[in-house]
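Multiple structures follow.
Consider the two complexes below, in which chain A is the common component and chain B and chain C are the respective partners.
On to the complex of A and B.
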């Protein structure tokens, strides 16, 4: 293998792909990045056996072939290259790759290519094309609710459903539940439902270019197989193992009715919650005390201090106080887009619901903390 | 609990009461797990080789351990403790710390607990009461069997001033040796030693810690729920094993046994190798993903063993899995959850 390319592009693509490489694995090759050159294309590949990523690299191929380089070290080397161009050449007899740029030469020992697994290929018959921007938007709204607790693998995923003219994602760590339903402009040519590791989708979010012109049109090609999902976007291929098992039925978790339904200025309320949360440390709950026409948000941390702030809300009925984990409440408020939000409550020990008032299809169900008063 | 394993054995073999009894394995390298107080008079102590115990006390009755039974009895004893005391920290099959701070009359309460353990299990326990775990532990050991001692911190300092420093948990044999080399052979002398001198000799943290222990200062809280940080299985071979193939077979068997009993998958896999000259090494590797898969664990363990390539015959092999699940985000105890 021998290729020549721009140092800057190599660095950019390497940074993207190296995030997926395993940091510590029994198989050394998994901590590497595979450089695979065919006659007309070069690809960088990495995997940790759960999530795999392949990104294209624009390069002149002098000699096709492939080599697995240690990701961390190679990244450090490429970041420090002195010249705009760089040449990578596999030297089989020395079992290393020569990286030459300007007057600098590096020889980096390769990792065992045989141990680097073949990565999933895109294609197959069940490909669904989804607008990339809508997909990414939906992921970012719900991702924070996915569990990081590996003892419950099912909850570490995001349930992604796409069919007709709707994209829906659900995530829950059992303390809160996020649901986002995104309407699509065009009917999808197919449908799928899969529990995808949240980590894989967060990588995907980084992969899809955002905010640039023409991105509205960018398309994400999604292929779901027995236990695997493959995303293709802008020449990159991200694949992930799917999570086995039945994802909780979110509809059964949503209460049928609520006692209180309050329309609140979302930005104002979020600001209050952020401020008062500063004094809710060491797992102390944030208290919301509702009285006729107002809510007082307060927090208290023993040996640290306390804070409170009152803001007007259209509350009527028996006063009550409910406690929430400040971080969970903040996550919910921040996931509602700006504008007004609707806060629905039942009683101090029943779940509360936050939704956007503009009917944008976002729900955030949050379980309270039992207050010892 | 006093001489716990032996005492449990005597429950089903009362005819052995009053005789020296030793619970130990049977192999050539077995060690004594517990000796009855009669056997202790002959110098038989826990952790000495069984062969030596036989020489010291040939008339003793040797009984192989029945851990299944000990666990059952232990659970019964701990259950009795929990009926009386809300906060209990179990630190082994035969030992627990109890938080008595809410009790009006802690001594009376503990007398009742001990009486009930005796009535319901036939076993005797020793109690130590103090302002912290350190004093309580030393007191509980001071008057075994069936001891009952309550001391303030100052009283403990005075009473154990003449005892060797090793009496206090956390001051190990190596430290005792180094202290002796400095002429410090009693807790009293250690307590009176200048902090600067200890810090210079043992480093600032260890130095200050030694002084605190010698003065029976301890701020450690009860650990109510023990979260294991690692699990391991190891075996001492009846004869040293020089053949790599045989070592590897043993290692794989250990890995399989370990994985079978593993409650949670772990990320770090380690081995322990002790050579015939008692050189003991550990090697570990951390994986990208947690595993409890016997194939993965044994292949990593084999890798580590091959990389170490024991230069001498191997006396002991062990496999360990650590690095269990990352702690879930901390949530308040009162946090309610959805039924998912």
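On to the complex of A and C.
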């Protein structure tokens, strides 16, 4: 294999793909990036056996072939290259790859190519094309609620459902639940439902170009197989295994009715919660004390200090106090995005619901923390 | 328990040969025949030792410890005895570990609802021909539930409960018996295997079971 390409593009693509390379596998090749060159295309590939990523690289191919290079070291080397162009050449007899740029030459030993697994190919029977911007926005709104606790694998995923003119994602770690239902402009040509590892979807969010001209028209091609999902976007192919098992039925978790329903300025309330949370350390709860016409947000950490701030809200009825995990409450408020929000409460030990007042289809159900006093 | 503080040289012969040169050491001889030679440094581990059963022969300035079976042998040449005392230690009390399986089993037997909503205990140590199931319960619909209790649940615990369930379900009256694996910690692989076999997994908190702490509020179990 011998290719020549732009150092900057190689760095950009390496940075993208190296994130997926394994950092703790017993198989050394999985900590590497495979450079695969055919006569007319070059691809960089990485996998940790759960998530796999293939990204294209624009390069002149002098000799096709492939090699697996240690991801971290190669990234450091490419980041430090002195010239605009770089040539990568596999030297089979020395079991290394020569990286030459300007007057600098590096010889990096290759990892065992035969240990690097073949990555899933795109395509298949049922491809559903979903607007990329809507997909990314929906992931971003719910991802924070996905669990990071590997002992409950089902909760580390986001349940993605796409059918008709709606895209829905649900994530929960059992302390909070996020649901985002995004209406689509056009009817989808197919449907799917899959519990996809949140990590894979967060990588996908990084891959999808955002904010550029024409990006709103960009399409994500999604192929769901028996235990695998494959996304194609902008020439990159990200695949992930699916999580087996029954995802909690989110509809059953949503209370039928609430005692209090308050419309609050979301930005203002989020700012208050962010400020006061600074004094809710060491698992201390954030307290919301509701009285006629106002809510006082307070926090106290023994040996550190305390903080409080009062905000006008249209609360009526018997005063009551409810405690929340400050980080979880903040996550919910920040996921509402902007504008007014509706806060629905029942009692200090029952879940509270945050939803966007603009009817954008976002729900955040959060369990309180018991307050001792 | 006999404790000898003595200046001695210790020679071990058997699977290999080793010598501890003449120095001040503690020789510990337990009533079960264990012999350990300690220095004042080097951590908790003896410099040399012999596990029971042993035969100990003593003569002036010399002690020979031999394994009852085999050729292992400690020759202790004693040049000076600083102290030689024997204590009657009485009957040994076993190490009491907090949060062992029996504690968990007792607590869950008193509060079976932690293993599943509406569960009530039928019997602890429910006998099967391959061993007793920790808790046998019935749910609100009167269905049978076999609960295996572990401190840390591994794949082996899932296999064990699977074996019990196979035996229990041979009784036509208990053909629909379900399994619950209850533990303080459930290993991810064990949870995956259990769920693939339809066995429910429940992580329990000892402090909550003992009433020392209120359970965390969650949206679902």
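We adopt the following convention: the second predicted complex is superposed on the first by the 373 of 373 C-alpha atoms of A that agree within 3 Å, B and C clash if a C-alpha of one lies under 4 Å from a C-alpha of the other, contacts with A are read in each partner's own complex, and residues count from 1 in each chain.
Everything that follows uses one rule, which is that contacts are C-beta pairs under 8 Å (C-beta built on N, C-alpha and C of every residue); 3 or more make two chains touch, one makes a residue touch a chain.
Fair warning: this is a prediction, and the values are worked out from it, not measured in the lab.
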Simultaneous placement of chain C and chain B on chain A, clash or fit: clash
A:153 touches, of chain B and chain C: first, second, both or neither? second
Chain B versus chain C as contact partner of A:26, first or second or both or neither: first
First (chain B), second (chain C), both or neither touched by A:278: neither
First (chain B), second (chain C), both or neither touched by A:49: first
Touching partner for A:83 - first (chain B), second (chain C), both, neither: neither
First (chain B), second (chain C), both or neither touched by A:304: neither
First, second, both or neither for A:253, with chain B first and chain C second: both
Touch count on chain A, higher of chain B and chain C: B
Chain B versus chain C as contact partner of A:244, first or second or both or neither: second
Common interface positions of chain A, toward chain B and toward chain C: 150-151, 172, 174-175, 177, 248, 253, 349, 351, 365, 367-370
Chain A - residues contacting chain C, complex: 150-153, 172, 174-177, 244-245, 248, 253, 349, 351, 365, 367-370
Complex interface listing, chain C residues touching chain A: 185-188, 191-192, 195-196, 203, 214, 216-221
Residue numbers on chain B that touch chain A, as the complex places them: 264-265, 267, 269, 285-290, 296, 299-300, 303, 325-326, 328-332, 334-340
Complex interface listing, chain A residues touching chain B: 22-26, 30, 48-50, 147-151, 155, 172-175, 177, 248, 253, 283-285, 323, 325, 327, 349, 351, 365, 367-372
